[in-house]
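Two complexes come next, and they have one chain in common, subunit A, joined by subunit B in the first and subunit C in the second.
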Partner chain A sequence: MNGVEGFMYPNEVELVWSVLIVLYPYITGLVAGAFILASLERVFRVDAVKPTYRLALLTALSFLLVAPLPLQLHLGHPERSPEMYFTPHSTSAMAMFGYVYLWYLMAVLVFEIWLDYRRDIVLRARRERGLLRLIYKVMTLGSDNISERSLHIDERVGWVVTLIGIPSAFLLHGYVGFIFGSIKANPWWSSPLMPVVFIFSAMVSGIACVMVIYMATSKLRGTTIDMGCVDTIAMYLFYTFIIDFSLEMLDLIHRIYEADESFRSLNFMVHTKLYFSHIVVQIGLGTLTPLVLLAITQVTKLSEMARKRIYALAGALTLIGIFAMRWNVVIGGQLFSKSFLGYTTYKVGMVTREGLPVAIALTLLPLLFLWVLVKLLPPWDDASAAHGATGD
Partner chain B sequence: MNLSRRQLMILLPAAAIAWEHVLAGTPEAAPNYTMSEHWWSMLIDIPKCIGCGNCVRACQAENDVPDGRFRTWVERYHVSDENMMYPEVISPDGGKEGFPSVAKEDAGKYFFVPKLCNHCADSPCTQVCPVGATFISPDGVVLVDQKYCMGCAYCVQACPYGCRYIHPEKKVADKCTLCYHRITKGLTTACCEACPTGARQLVDLKNPNDPIHEFLRTHAVQVLKPQMATGAKVFYNELDGSVR
Partner chain C sequence: MSAFRDAGHLLRFAGLFVLAFIIFLVVRKFVVPKSFGEYGHYRGAAIGEIAAHPAHFAGHQACEACHADIADEKKGGKHAHVNCEACHGPLGKHADDPASVTPAKLDTAVLCVRCHAASVAKPKNFPQVDAADHANGVPCETCHKPHNPALEAGGAK
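Then we have the complex of A and B:
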């Protein structure tokens, strides 16, 4: 049979969860991580990361808007997905997705962004003409009071929303981990550590993503990169990464030492079919390399240019590594037989609804959304300062 | 609309034929069937299975199972004395056309294991369905409402036995229904009916006169993967420890 080694139950030969289901935890992870980074400034008063606060929120929103698309495209009957809202099955881990998603989108992200930008939106609604004016007018939601007292209330409410947002971000991505971790039929997934690993890997990927986007946009805009800011982000990335890697290693060591009935099969898989994506890309290239690079920046005094290059490289490698981690979880978990007697092969489709071009498009789509959001709601200090100056 | 008598004479038979067509897929009503009086499961008598594949073919014909997917299949185990933990298992095309012959010099034991949905009482597949499209009927059969299923495949991932698949045309979860359309009318399943040796027996645990009760008392009967605690209800007589 096609690409099968040993014995698979006959219905297992073809994978039912494709690269799109790899994208789903990857994208939601970026959302949760970006939000946690934003909360550093808002709740934990880490002022150094202030230049990325708004960018992080807009990044989180861009990715969150795309997050349900891979799921929707994967469904056999996408038109029936509203049933998940109307008749959720109380025992299903997946049934809560719609609610968790909506909660996070509307109650946390959109609300916080709106509160934070309300003053800018009102000023722009007054200043702009034509269609843009209408757009900003609608975005004010009729609330155009930007008195000091009113802005102070915004600030206080925003702080509370961020405070609620932190456990919500953990919920959003821990929940995604639980969807996999609670499947007792699959020993590659079934682990109480899964939600925790997902949360920390989400933070790692989100922080790396915002750092890379901040550096890239600064370069594109021709503005100087705030080195104090990226140094701080890199430091947080480094320490979060250490926790994430430690948890993953704990899971690995536990599996090796316990060596239960599935171990022989999983061990074989990691050394063959998953060798490249797991050992080479995830652990070697995507974890150890960025960890070493970031460690160098922590213990030595490097020039600004060297640090910038290292951060960019480490950030990009981290994003690749976390994608590989999602790949290894989702695809890896379907490559071996639940009889532990064989392995199958996954080939990414090309001209299918779940093919590679669709996956690439879905990965790039959040960047397009971000571009639109950045145009509508510039997150840059200089921009808001300039507008503020003209508005006041 | 004004219809002439002639038009009506043409339309009425046409409507009758069309109505027959509309009803074609509708299962017959089973007026004398009470769900709460039954608790269905199956007995697989491993020593009796000869690996002919009749059951697989009968199932595919009865239930219009797509090629390459299986509501039931047969595995052949080869367990050698040296490596009892890791048997050599084959199931070419689900065992539909039988199995290749075995060379005489091959040491160890050979036996066949028919597989199907275990209609678990605590089934992980029904637990995870986000919309409740798959459910356990009051008579103990795990079914899928294919008009409700979104095709997310979470149930396929949750089944420890590999019994579910996504139907390639209908794009919904599909699996053994224990021939629900037959058993509710007093018939047995297609696979049991086609089995020439009686290796598969439909059983009703709520029927005090079902021979299963005597069989369970007097034989070493096991279910697949008992460590999964799914409440599997397909009972295997003389199940070898190497079977997964």
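Then we have the complex of A and C:
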């Protein structure tokens, strides 16, 4: 059989969870991480990261809109997916996800963005003409009350929504880890640490993502990067990364020490089939390298230019590293046999519904959504936005 | 009063939720099958529909009623507990009307290794052979009688 070494049960030869299922936790992770970064500013009133507050919310929204697409493409009968709303199955974690998703999308993210942007929306509805005016009018929900008091109420309600949003973001992503962690038949996944590791890696990737997007958009718009902001974000990134890395190492050491019946087989896999994606990309390139880079910026005084370059590099490597982590979890968990006597191979498809071009398109799609959102609801001050608008 | 007016837009957003929920309930009413949940988390009427499917298997008692000779031969051998239709496939139609439905001939080169091909995943005490090594292309039934496969004492036991 192609790509099989040793003995595989017949149902293990083909991987059922493809690269799209790798993409899915990656994308929800970015959502949760970006949102948590935004919440930090709001709840703990960290003024330094304020320039990224709105950008982080819009980033979270655009990735969240794409999050269910890889799942839909993976389903044999995507048209049946609404049934999980119509006939909810309360004892299935996967079936309950629809509700978690909707709650997070509508009650948290959209609501918070709406509250935060309401003033801008109303002002634009008054100012714009034609179709745009209609769009903004619809977004105001027919209320153009932007009195001092109403904005004050928005501020207070928004704060509460953020407060509820933090556990919701943890739920959204913790749930993804929970699904893997609760598959007791698979020793590579089955671990109560899984949800926690997923949440922290989500925060790491989300923070890195917002940092990179902020730097990139500043560059594109030709505005100066607020170094105080990026320095603070990089510091957060560094600390959450340390926690994340410690948790993953804890998991690893625990596995090595426990050395249960699966250990020899998994150990062999990590040293052969997963060596490149796990040891080289995830740990070496995607974790230790950015950690060292970020540590350098924390302990030494570097020039602004050098810091920018390091942050950009560390951010990009982090994003690659977390993707590799999702890959190793999802794909790695399906490469070995439950008999521990054999291994199979995963080949990414090309012209299939779950192939590489689709995966790439789905990775780029959120950026397109973000572009539209940024055009509709500029996350930066009106003055500079007008400036940017004439610029392009 | 004015506090209420200044929070009016929030009520509108809440109204949107209520509206969406009502639409959800209405749509749900139409798309969820009537008998859903009658017995459990599935469509109750499905049971009747499935029961109405024609049976594909007849069961070994049915075969033995007509093929007593084979049943006797099989009874004493190692295949005593292997069901007729495990090898012959579903023969419900044949059992109903043997004159017009004749079972297909079996190819032992495919059939026997389905269960007996050597594999590390099988229990050690299950009889298994590496077919190429063991039979070298000779059909299994040249040496083994399918219904009573052991070779000692002419296959008696």
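General remarks:
We take it that the second predicted complex is superposed on the first by the 381 of 392 C-alpha atoms of A that agree within 3 Å, B and C clash if a C-alpha of one lies under 4 Å from a C-alpha of the other, contacts with A are read in each partner's own complex, and residues count from 1 in each chain.
One rule holds in what follows: a contact is a pair of C-beta atoms (placed from the backbone, for glycine too) under 8 Å apart; a residue touches a chain by one contact, two chains touch by 3 or more.
The shown structure was predicted, so the numbers you read here are calculated from the model rather than taken from an experiment.
Aligning the two structures on subunit A places subunit B and subunit C in a clash. Contact with subunit C, but none with subunit B, is seen for A:Gly142 once the two complexes are overlaid on the shared chain.
By the touch criterion stated above, A:Ile153 is placed in contact with subunit C alone, subunit B being left untouched.
Once chain A of one complex is fitted onto chain A of the other, the partner contacts of A:Leu376 are absent, as it touches neither subunit B nor subunit C. Of the two partner chains, subunit B is the only one that A:Met94 touches; subunit C does not reach it. Using the contact criterion defined above for the overlaid structures, shared-chain residue A:Asn186 touches subunit B, although it does not reach subunit C. Once chain A of one complex is fitted onto chain A of the other, the partner contacts of A:Phe111 are limited to subunit C, with no touch recorded for subunit B. Of the two partner chains placed by the overlay, neither subunit B nor subunit C lies in contact with A:Leu288.
Of the two partner chains, subunit B is the only one that A:Val16 touches; subunit C does not reach it.
Contact comparison for subunit A: of subunit B and subunit C, B touches the greater number of residues. After superposition on chain A, the subunit B segment that clashes with subunit C is 22-30; the remaining candidates among 22-30, 166-174 or 202-210 show no clashing C-alpha atoms. Shared contact residues of subunit A with subunit B and subunit C: 7, 9, 83, 87, 89, 339, 341.
Interface residues of subunit C, counted against subunit A in their complex, comprise 2-3, 5-10, 12-13, 16-17, 24, 27-28, 31-32, 36-37, 41, 119-121.
By the touch rule above, subunit A contacts subunit C in their complex via residues 7, 9, 82-83, 85-87, 89, 106-107, 111, 114, 118, 140-143, 145, 147, 149-150, 153, 157, 339, 341.
Taken together, the subunit A residues at the contact with subunit B in this complex read 7-14, 16-17, 71, 74-78, 80-81, 83-84, 87-89, 91-95, 97, 179, 183-186, 264, 333-334, 337-341.
Looking at the complex, you find that subunit B touches subunit A at residues 68-70, 73, 75, 86-91, 93-94, 115, 124, 126-132, 148-154, 156-166, 170-172, 228, 244.
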